[in-house]
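Each of the two complexes below includes chain A, the first together with chain B, the second together with chain C.
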Partner chain A sequence: MSKRLLALILLIALATIAPLVFTIIVKMDVPRALKSLGLYYVKNTINDTASPETVTAIVWDYRGLDTIYETLVLYLAIVGGLAVFRVKEVALKTKIGLTSFARSSTRIISLLIATISLAIALHGHLTPGGGFPGGSALAVASMIVIPVYSANALIARGITSTRLVAIRGFALTGIGLVAFLPTIRGLEIVTNQAFYPATVLGQLISGSISLYNLFEFLAVMSGFTAVALYLSIPEEVFKVAEGA
Partner chain B sequence: MLEQYTYALIISVLTINAVVAIYGIVYRRSLTKKLIALTILGDTVFVAIIFSGFYFTHPIVPPVYPEPSDVHVDVLAKHASDPLPQALVLTGIVIGLAVNALIAFGIIQLYRLKGTTDAKKLVETLVEAGVAE
Partner chain C sequence: MILTLVLLIAASLLSLAFVYLAITERDLLKAAAFSAGQSVMYAIMLQTMGAADIVMTYVAVSVGLYSALLVFIISKTERCEG
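Then we have the complex of A and B:
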C-alpha cells in the first residue's frame, strides 16, 4: 500500500512542479483569441444554417455526414452488444425492488428527468443540447428505474427490448430519410437550408436540424435503455438458458 | 505568468492522466480494470480536445446567439469558446459510451463462459483448448 501512496505522491509532485519549471525556462504563449476556423463558425452559423446554436449547427449541418456515420457506429456497437446477449423472454417476478420511499422519489425524479431530456432534445437547435445529450438523459431515467423497481417494471409496461430495437430502427431510418430527401431535387445529401424551411408557423426550427435532433434522441434513448435492460437480466436466466 | 502556469499545469495533468491510463490498459491483468483504464483514457482525450478550443478571455460565453443581431456576433467573436471541439466531443462521448457498453457485454459473456476475467488465465485456457499458442 505504501508503494502505491509513494507513486501517487510522486505523480502529483511531477504534475505540479514540471509545469512550474517549464513556465520559468520556456516563455510560451497562451492563446488569447478564437481560432480562425471557430471564428468562421461563430460568425456565419446564423446565416448558413438558421440555427443560433453553433455546436448543434456544426454537428448536424457543417459536419452532418460525419455525425450520420457516427450514428451508424453507435447503432452497430449496440447491436453487437445485444447480439452477444441473446435471451428471448425474461421471467416476470413480483415483489422485488427497493422500499416505498425510494419508489416514490424515483417516480418524481424519473418524471422530471424525462421532461428535461425532452426539452434538451427539442430545444437543441436554440440552446445547448440536442439529440445526443437528451437521449442520454432519458436513458438515465430508465437506469434509475431498473435498480429501484427492477427491470420487470419496465418490461411489464411494454418497454421490451424488441420494441426498443424497433424504435432504434425507426429512428435510424428517419435520419437516413432526412439526409437523402434533398437528393430528389438534385441537391447533395445532408443539405439543410436549400431544402428544408427555417421556420414553420413562425417558430424557428432551423430546417433539418430539429428533425435530426428528434430522431437522434429516439435512437440514443432506445439504444441505451436496451443496453440497461440487457445488463440487468439476472444471472439465473443465463444459467437456465445455457443448461448449466 | 500565472496564466502560463495554469495552461502548462492542465497540459501536464492531462499527460500524466493519459500515462496512468495506458499503464492500466497494458499492465493490469483483469479485463474489467483494463476497461476502467480505457474509459479514463477516453475521457482524458475528450478533455484534451475541449481544452484545445480554450483561450484566455473574460467573460467566457457559450457560442449561442441570445438573439440574432450584429452586436451579438461581435461579442461572440471576442468571448465565445471554440464550438468545433465541443461539437466533435459531443458525438464522441456517446459513441464512446456505446463502444464501452459493447466491451462490457463481451467481458461479462467471457466471464460466464470461462469463469474468469484474468487476461493471462484466459490465454492459458485458450492454449489448453488448442485455439491459441
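Then we have the complex of A and C:
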C-alpha cells in the first residue's frame, strides 16, 4: 500500500512539474477572440435553424446527416449486443431486491433523474443537452431500479425488452421519416427551416430539431434499458440454458 | 482567469490520481468507482472550459451508464483480480 502511495505522489509531482517546464520553455499563448468559423455559427444559427443552441443546431441541422448515420451505428451496436443474449425473458423472473431503505431512496432518486432527463431532452433545442444525454440519463435511472427492485419489477410494470425494442424501432422510423419528409417537396434530405415551422402555438420548437431530439431520446433510452435488462440475467441462468 | 486555471490543474491532477488508483486496484468494484471518479474530474474540466453540451453527454454516459454497465459485468465474473 505504501509503495502505491509513493508512486501516486511521484506521479502527481511529475505531472505538476512537466507542464510548468513546458509552459516556461514554449511560452504558450491563450486565444482571446473567437475564430471566424465560430463567429459565423454564433451570428447565424438563430436565423439558419431557429435554434438559439448552437451545438444542437450543428448536430441536428448543419451536420444532420452525420448524426443520423451515427444513430444507425448505435442501433446496429445495440442489435449486436442483444443478439449475444439468447435467453428468454422467463429467466428474468427473480424477485430478490434490496432493503426498504434502498428502495425508498431509489424511488426518490430515479424520479429526480427521470424528470431531469425529460428536461434535458425536451429543452435540447433551447439549452445545452438533447436527445442522447436525456435518453442515457433515463437509462441510468432504469439501471439503478434493476438491482434495487429486481428486473422483475420492471417487467411486471410492462417494461419488457420486446416492448423496448419496439419503441426503439418506432423512434428510429420517426427519425428517418423526419429526415425524408422534406424530399416530397423536392427539398434536400435533412432540411430543417425550409420545410418545418420554427414555432408552434407561439412556442419555439426550432423545426425538426425538437422532433429529432424527442425520437433520439426514445431510441437511446429504450436501447440502453433493453441491454441493461439482459445484462441483469445472472450467469447461472446461461449455464442452465446451455446444459438443457 | 487564475481560478479557472487552478480548477483545471487540480481536476486534471486528481483525474490522473484516479486513473492510477483504478489501474493498480485489485478489487474490480473499487476500480470501477475510481474510474467514475476520473470521469467526474473530466466533467469538471469540461465545464471549466465552457463545453456544457459535452458535459451533459459525458456525465450521463461516463459516470452513469459506463459505471453501471461495469458493475453489471463484474457481477457476472469474480470481484477480485488475479
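A few notes on this one:
Everything that follows uses one rule, which is that the second predicted complex is superposed on the first by the 225 of 244 C-alpha atoms of A that agree within 3 Å, B and C clash if a C-alpha of one lies under 4 Å from a C-alpha of the other, contacts with A are read in each partner's own complex, and residues count from 1 in each chain.
By our rule, contacts are C-beta pairs under 8 Å (C-beta built on N, C-alpha and C of every residue); 3 or more make two chains touch, one makes a residue touch a chain.
Computed from a prediction, not measured in an experiment: that's the story for all the values here.
When the two complexes are overlaid on chain A, chain B and chain C sit side by side with no clash. Angle at chain A between chain B and chain C, computed from CA centres in the superposed arrangement: 40 degrees, to the nearest 10. Once the two complexes are overlaid on the shared chain, A:Ser136 sits against chain B and chain C alike. In the superposition on chain A, contact is made by A:Leu74 with chain B only, not with chain C. With both structures placed on the common chain, the touch criterion links A:Tyr41 to chain B but leaves chain C unconnected.
Of the two partner chains, neither chain B nor chain C is touched by A:Leu98. By the document's definition of touching, of the two partners only chain B reaches A:Val84; chain C does not. Of the two partner chains placed by the overlay, neither chain B nor chain C lies in contact with A:Leu10. Of the two partner chains placed by superposition, only chain C is touched by A:Ile144; chain B is not.
Contacts of A:Leu111 after superposition: neither chain B nor chain C is touched.
Once chain A of one complex is fitted onto chain A of the other, the partner contacts of A:Leu231 extend to both chain B and chain C. Judged by the number of chain A residues each one touches, B leads among chain B and chain C. Once both structures are fitted on chain A, no C-alpha atom of chain B lies closer than 5 Å to one of chain C. On chain A, the patch touched by chain B and the patch touched by chain C overlap at residues 11, 15-16, 19, 53, 55-56, 128, 130, 132-133, 136, 224, 227, 231, 235. For chain A in complex with chain B, the touching residues are 11, 14-16, 18-20, 22-23, 27-28, 30-35, 37-39, 41-43, 45-46, 52-56, 58-59, 63, 66-67, 70, 73-74, 77-78, 80-82, 84-85, 126-128, 130, 132-133, 135-136, 220, 223-224, 227, 230-231, 235, 238, 242.
Contact residues on chain A toward chain C in their complex (touch as defined above): 4, 7-8, 11-12, 15-16, 19, 53, 55-56, 120, 128-130, 132-134, 136-137, 139-140, 143-144, 147, 224, 227-228, 231-232, 234-235.
Taken together, the chain C residues at the contact with chain A in this complex read 9, 12-13, 16-17, 20-21, 24, 52-53, 55-57, 59-61, 64-65, 68-69, 71-73, 75-77.
Those residues of chain B that touch chain A in the complex are listed here as 1, 3-5, 7-9, 11-13, 16, 20, 53-57, 62-68, 73, 76-78, 80, 82-84, 86-88, 90-95, 97-99, 101-102, 104-106, 108-109, 112.
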